[in-house]
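Take a look at the following structure, please.
Note that the chains take the letters A, B, C and D in the order they are written out, and that residue 1 is the start of every chain.
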Amino acid sequence: MRSPILDYLDGIIAETAHVDSGALADYIPELAAADPDRVAVALCTVNGTVYASGDSEHLFSIQSMSKPFAYALAIEDRGLGDVLERIGVEPSGEAFNELSLDPETGRPRNPMINAGAIAAHALVRGGGSEAVDRVLALFSELAQRPVGIDESLAASELATGDRNLGLAYLLHASDRLAQDPGTAVRGYVRQCSASVTVHDLALMAATLANGGVQPNTGARLFSRRTTRHLLSVMTSCGMYDAAGDWLTGIGIPAKSGVAGGIIGVLPGQVGLAVFSPRLDPHGNSARGVEMMRRLSEDLGLHLMEAGRPARSSLRETHTTTVEGRTATVYVLQGDLVLSSVESLVREIIERPPATDVVVFDMSRVDEVLPVARRTSAETATKLVDNGYRIILVDPEQTLHGFRDSRGRDVERWSSARLAKSQR
Amino acid sequence: MRSPILDYLDGIIAETAHVDSGALADYIPELAAADPDRVAVALCTVNGTVYASGDSEHLFSIQSMSKPFAYALAIEDRGLGDVLERIGVEPSGEAFNELSLDPETGRPRNPMINAGAIAAHALVRGGGSEAVDRVLALFSELAQRPVGIDESLAASELATGDRNLGLAYLLHASDRLAQDPGTAVRGYVRQCSASVTVHDLALMAATLANGGVQPNTGARLFSRRTTRHLLSVMTSCGMYDAAGDWLTGIGIPAKSGVAGGIIGVLPGQVGLAVFSPRLDPHGNSARGVEMMRRLSEDLGLHLMEAGRPARSSLRETHTTTVEGRTATVYVLQGDLVLSSVESLVREIIERPPATDVVVFDMSRVDEVLPVARRTSAETATKLVDNGYRIILVDPEQTLHGFRDSRGRDVERWSSARLAKSQR
Amino acid sequence: MRSPILDYLDGIIAETAHVDSGALADYIPELAAADPDRVAVALCTVNGTVYASGDSEHLFSIQSMSKPFAYALAIEDRGLGDVLERIGVEPSGEAFNELSLDPETGRPRNPMINAGAIAAHALVRGGGSEAVDRVLALFSELAQRPVGIDESLAASELATGDRNLGLAYLLHASDRLAQDPGTAVRGYVRQCSASVTVHDLALMAATLANGGVQPNTGARLFSRRTTRHLLSVMTSCGMYDAAGDWLTGIGIPAKSGVAGGIIGVLPGQVGLAVFSPRLDPHGNSARGVEMMRRLSEDLGLHLMEAGRPARSSLRETHTTTVEGRTATVYVLQGDLVLSSVESLVREIIERPPATDVVVFDMSRVDEVLPVARRTSAETATKLVDNGYRIILVDPEQTLHGFRDSRGRDVERWSSARLAKSQR
Amino acid sequence: MRSPILDYLDGIIAETAHVDSGALADYIPELAAADPDRVAVALCTVNGTVYASGDSEHLFSIQSMSKPFAYALAIEDRGLGDVLERIGVEPSGEAFNELSLDPETGRPRNPMINAGAIAAHALVRGGGSEAVDRVLALFSELAQRPVGIDESLAASELATGDRNLGLAYLLHASDRLAQDPGTAVRGYVRQCSASVTVHDLALMAATLANGGVQPNTGARLFSRRTTRHLLSVMTSCGMYDAAGDWLTGIGIPAKSGVAGGIIGVLPGQVGLAVFSPRLDPHGNSARGVEMMRRLSEDLGLHLMEAGRPARSSLRETHTTTVEGRTATVYVLQGDLVLSSVESLVREIIERPPATDVVVFDMSRVDEVLPVARRTSAETATKLVDNGYRIILVDPEQTLHGFRDSRGRDVERWSSARLAKSQR
């Protein structure tokens, strides 16, 4: 049987066939010679399953989509503070070919424009060919297959790379480049010439969606904080001068490449990748943008979609008999986050239990966030201080090691003991 | 008993007492005369409960925090298309006192800078004092109490309002102002002079967090789409020229006002409001920013926090006997969104059930998003087409009206019937 | 007999008939209704004779050509220092419709753009209608006929004057406007609506060419220093964003108006005025620019035309007999400026006269500039100190009151006495 | 005897001794090690005499003062059109270290900023070391002594020349650089490292004042048109972001260098050079600017100084007897330019001679400009056509070859014949 998710992706391709405007990048023969009608889309869940449709095994160059990953690697290598000294995080409000160096400091506005991306590449540890090797190794680990370089493309890019060299020399002159300009540009061009498929890219994006952990291997490639920082930067700076349009309309942290690819990331949910070589005037894949728009709409991926208001953690309250005494049972459910645990706490504060014994049944609870743990501990403390006896039924150990805020253990019962007691 | 959430907010105030830098806005006597040591914080959940600490009933002027709400009202009144013709959505990368009119079209860059906010006010239906009344009525409905205007402040602002008048005349000259400039500025200044508390503001922000529905009354004040659009604009344009810093560091759609207030919104979770009159060089409340930073950090509110990877919807699989025949039971759980239902679909596609009868037990399912419904329907179709008999156990009617993608009804059993059958 | 200068101007009109591109200003009906084929040219020498050809008595609105004169009046009224505090002198490098306010100070870049011109108008003493009356009186004195206002045009401009009002309010907000914004714009619009002919404009420009003195009346309307300052500003800021093109190609301080006029000034030589209503994309009269180009080329008016290297002041040296003793006679000629007197001084220093008696024959000398007078006095001193007897023959009193640098009188002879003595 | 002009220059140095603010350029050790108290001033007339005071034989690097000369050489080599395609002529309104590339075309704004100067150097014929040799040969011919390169300075500049390399690569990427970036920058740095004195610089500037002809040798180094173009560009772009201040206040086409030199040119009059190493915040020599201000003021060098209104060419009119008939004699004088010949022509047109015979006595005339020759020819034609007999007395042949506008010769008499005839 074919997965209906694949059917859905087939539909995305079919329904965007009419978007055939735009033109191939033509500054080097390799890009100008691309088949303009190639098209592919892929989606990867945070558990690492990839769904792909169209020319999903077609190799093309990663180009600017390499920028987020190399930037994250530089942050891991050098620390965020050092990186921020050399590269800003503000949207440039400018087209992709702008210099976007701060006129006073010479610092590139952000790492998603060329100047910032060259500066980021130059911060990757090792430098020179070792840095390139490390970037490629990262791509390979993200994509879970050996990612190589399109050498003839890299040679072509280098031969026409005066603009990047110009930026690199200006960066070096302002002390924003950690490397010799020639080496930095050579390395950066090779980074951009890595050959990937939408399958690879979806997996790479899914690692970002997964908080920095490669979903297939479970290896943490970027810290949670680095990932969060990177996604923020992609949100405001990833789509050049159309940042506001993209954020309001599509609402997914994203990055496009001049060969026609776009990646998108919905934190906690999915990584996306699309490919179609014809570019719109902003330099983004014209059909790719349309595919992304539909994916965002259909799958409810817009960052600002409130989603369902978080459900209350309090599923129900009832009284029962525990060891011969009447007890109040609070049945909790779902994830305990601030906005869900709050209703429970409020219920208890406003209407203190009428019985001396209070049971918290956590058997339907999935996860407990730190702030909820803290708030719960404080609530428990208040109850104990007021003379209540608290019984915790927590078969899945979601509150493993839980004590009240004065450090007092709470009584723990199994579900079976509770059931037996009630009889 | 006092709520531990209140204790937490008390802590936020206590721990930021050292942030006493910055200066009062001083362009009019009313603002310069503010008590610089006032401080307050409030938090409102999407179900409408407000927690507030500090000078939470202290009235101050809403100022620029009125911009998002009036902008949303203008969109509801005129439609998004008409509004976008007059006001852009791109970050200006400029300080709060910049003109930020597009040099070619005269269109203000976004509705969070003064020029755009005046243009937005002028689009509120009714015009003149009717528009002001409607804005005030909106504030009152959002805050669930009658919100009034600080008339002496409004008079003072008008008397020194040359800059706004200048902007309004320029807008009118470029056909971006739907009203006479004098009327527009008078109305806008009155809008900014509304007196509010952090309690009010948290409720107002919570309505945005709640997708546009006032959580206490359940009244829909803004459409889901308008709310999503507004939050996107606040994300990239709400904090002036520090947009990138704010997004990477704090990561909450927000808006500040010159009287010292800041509101923040985490979609689906909470509305926040802080107040402290001393301003940093960006024109944002210095201590307010610090309070927001702690709230974001402590409560895990950063937009890009992946949160827990979405849990699989498939809790467990087991076989049982149904009406004498062996059946495969899929026990589902939580919310069915794309990233959670995908694992179920994949399981079924990759390992088709070995029994003819298939039971889907939805009794632990909370909600089903459209894309999951569609994917599920297609999966069901494939199973029926392959000769399977499908039984749906859905006591809470989460899949109310569910049919397969060919329109065929599926068999529905109660939990009791399933239990009985298994025996 | 017709003056050949008029024939020349007829030729300028005939030879530019092919320049019929460009479009009428159309933001108000009065300008859009102009006859696009009207054309005129006028030239006025520094002694006040006007030569005009074409529709030279056709009245049209002075528009931005009023700016230099009102700016000069403001400087005379307030002093240059006060004016510079409110209005800069730097080229804006921007199109005529740019705001061109300094982003940090709100100061308009220069008085030739609208913002600066409004600020200049508001500095004219008297304010309100008195200021307008004074500007009109100035125009009338410059043109030597009563200049009036086209009231229907003024009304139309006011009705569409939102942009100017916007600028005026912004200026007022930055403390750069010495007047209430409404009054300033009303006055400025009236100033721009004065009706003039190319005949008037050539006379007005000739006053600037003549160092600020109206050539017909001899009345000093602007100080020498104000005039020099104004012409400098016209040189770099008069032609909007084509300043560099204009300066390299045409090289005359100039100012254009949106009704189709352009004035030009060659210091010490002529005032020029041309008229043709069709505007090029810079907002300057298309045919007017071409007429100016030919005038500059034909008449050798380019500021940077070195002209003939200044001739030596020393026409000849010979010896003669004076009162029985051999004397060296230096026959001087032309204007004594630094570069001309230098060769005389050098001759004397390098080859001190071989005779005790030295005669300076000034009968062919036209004028003596201060630096030449000083240098001559010092030379005379050196000669006297070295024992020479100096005789000055200066029938036209060009060195009236001349003494050596120690204050000693020099011997003065008439030409006749010299002639008689030589015999 | 010492020349009083030297005394005057000594005074300039003495009177600016109090200007000791500013700081040495310090980006390379060679400049930082300069003696800050060195000071020199030189003045060269258009006939090539140099007056210099202070450390006038002290060698320092020419730096940016090389830009005008190399630009002029590029124009001579390539033609103005080709050069304008690569380098604009608009003031940048920006500081000396700005990129000032047109954001749309990548063309440098003007040749006085680094990007434009590198592009200009790269246009010098020969390229590579041949271009440098040609620039040096030009400097040597201008200064009339062999000008060499400070090799250790050049090496230092190259070692820190990343910014220039960056600009060169950007120019090359936009097709604005006629040479390999490395070669262009190496050549440009060597051009800037030429060692000169104020004596040299004054002579170099005097060649520009003299319309492109080296005054000592009479060799034409730049065409009249190139010189005029260059001086226009220096007027608006030579002093970086203080262009308007400089033009209004000092009013001389000029260029400064980072080693502390400034050159100035008054067309037709003098070349100036000053030197003092401390720089003001604009990057110009602080004391040098003050010296230039005094020179401009004292010597009446401001471009916009109207000078004396041009005198009438008509010295006197009288009647005499010529060959027994009464004749009208017009005695002309000085230079015949438009503004001077106009009064003569007007006199004749308005009051046609009452006698049949008309004598033009040119013996006091110095020079006749083309437009005056043409106007005179047309006037003569009108007189002849009206039956007058015209006699030209032109002992110095200022109207050599003069005919009327129909090609008819006019009668020519010697002064002696006229004198004899009158008796």
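Operating definition for what follows: a residue touches a chain if its C-beta (ideal position, glycine included) is under 8 Å from a C-beta of that chain, and two chains touch if they have at least 3 such contacts.
Since the structure is predicted, the reported quantities are computational estimates derived from the model, not experimental observations.
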| note | Shared touching partners of subunit A and subunit D are none
| said: With touch defined as above, tell me whether subunit B and subunit C contact each other through largely the same residue numbers, more than half shared, or through different ones. | reply: same
| request: Quick one: report the Å distance separating subunit A from subunit B, using the average Cα coordinate of each chain. | output: 20
| remark: Taking each chain's mean CA coordinate, subunit B and subunit C are separated, in whole Å, by 64
| task | Please work out the Cα centroid separation of subunit A and subunit C, and write it as a whole number of Å. | result | 67
| Which pairs of chains touch one another in this structure? | A-B, A-D, B-C, C-D
| In the complex of these two chains, what residues of subunit C are touching subunit D? | 1-5, 7-8, 45-47, 49, 51, 88-93, 110, 209-211, 215, 224, 227-229, 231-233, 235-237, 241, 243-245, 247-248, 251, 253, 267-270, 298-300, 302-312, 333-335, 337-339, 342-343, 345-346, 348-349, 352, 364, 366-367, 369-371, 374-375, 378-379, 382, 386
| note | The residues of subunit A that touch subunit D in their complex are 98-99, 103, 162-163, 165-173, 181
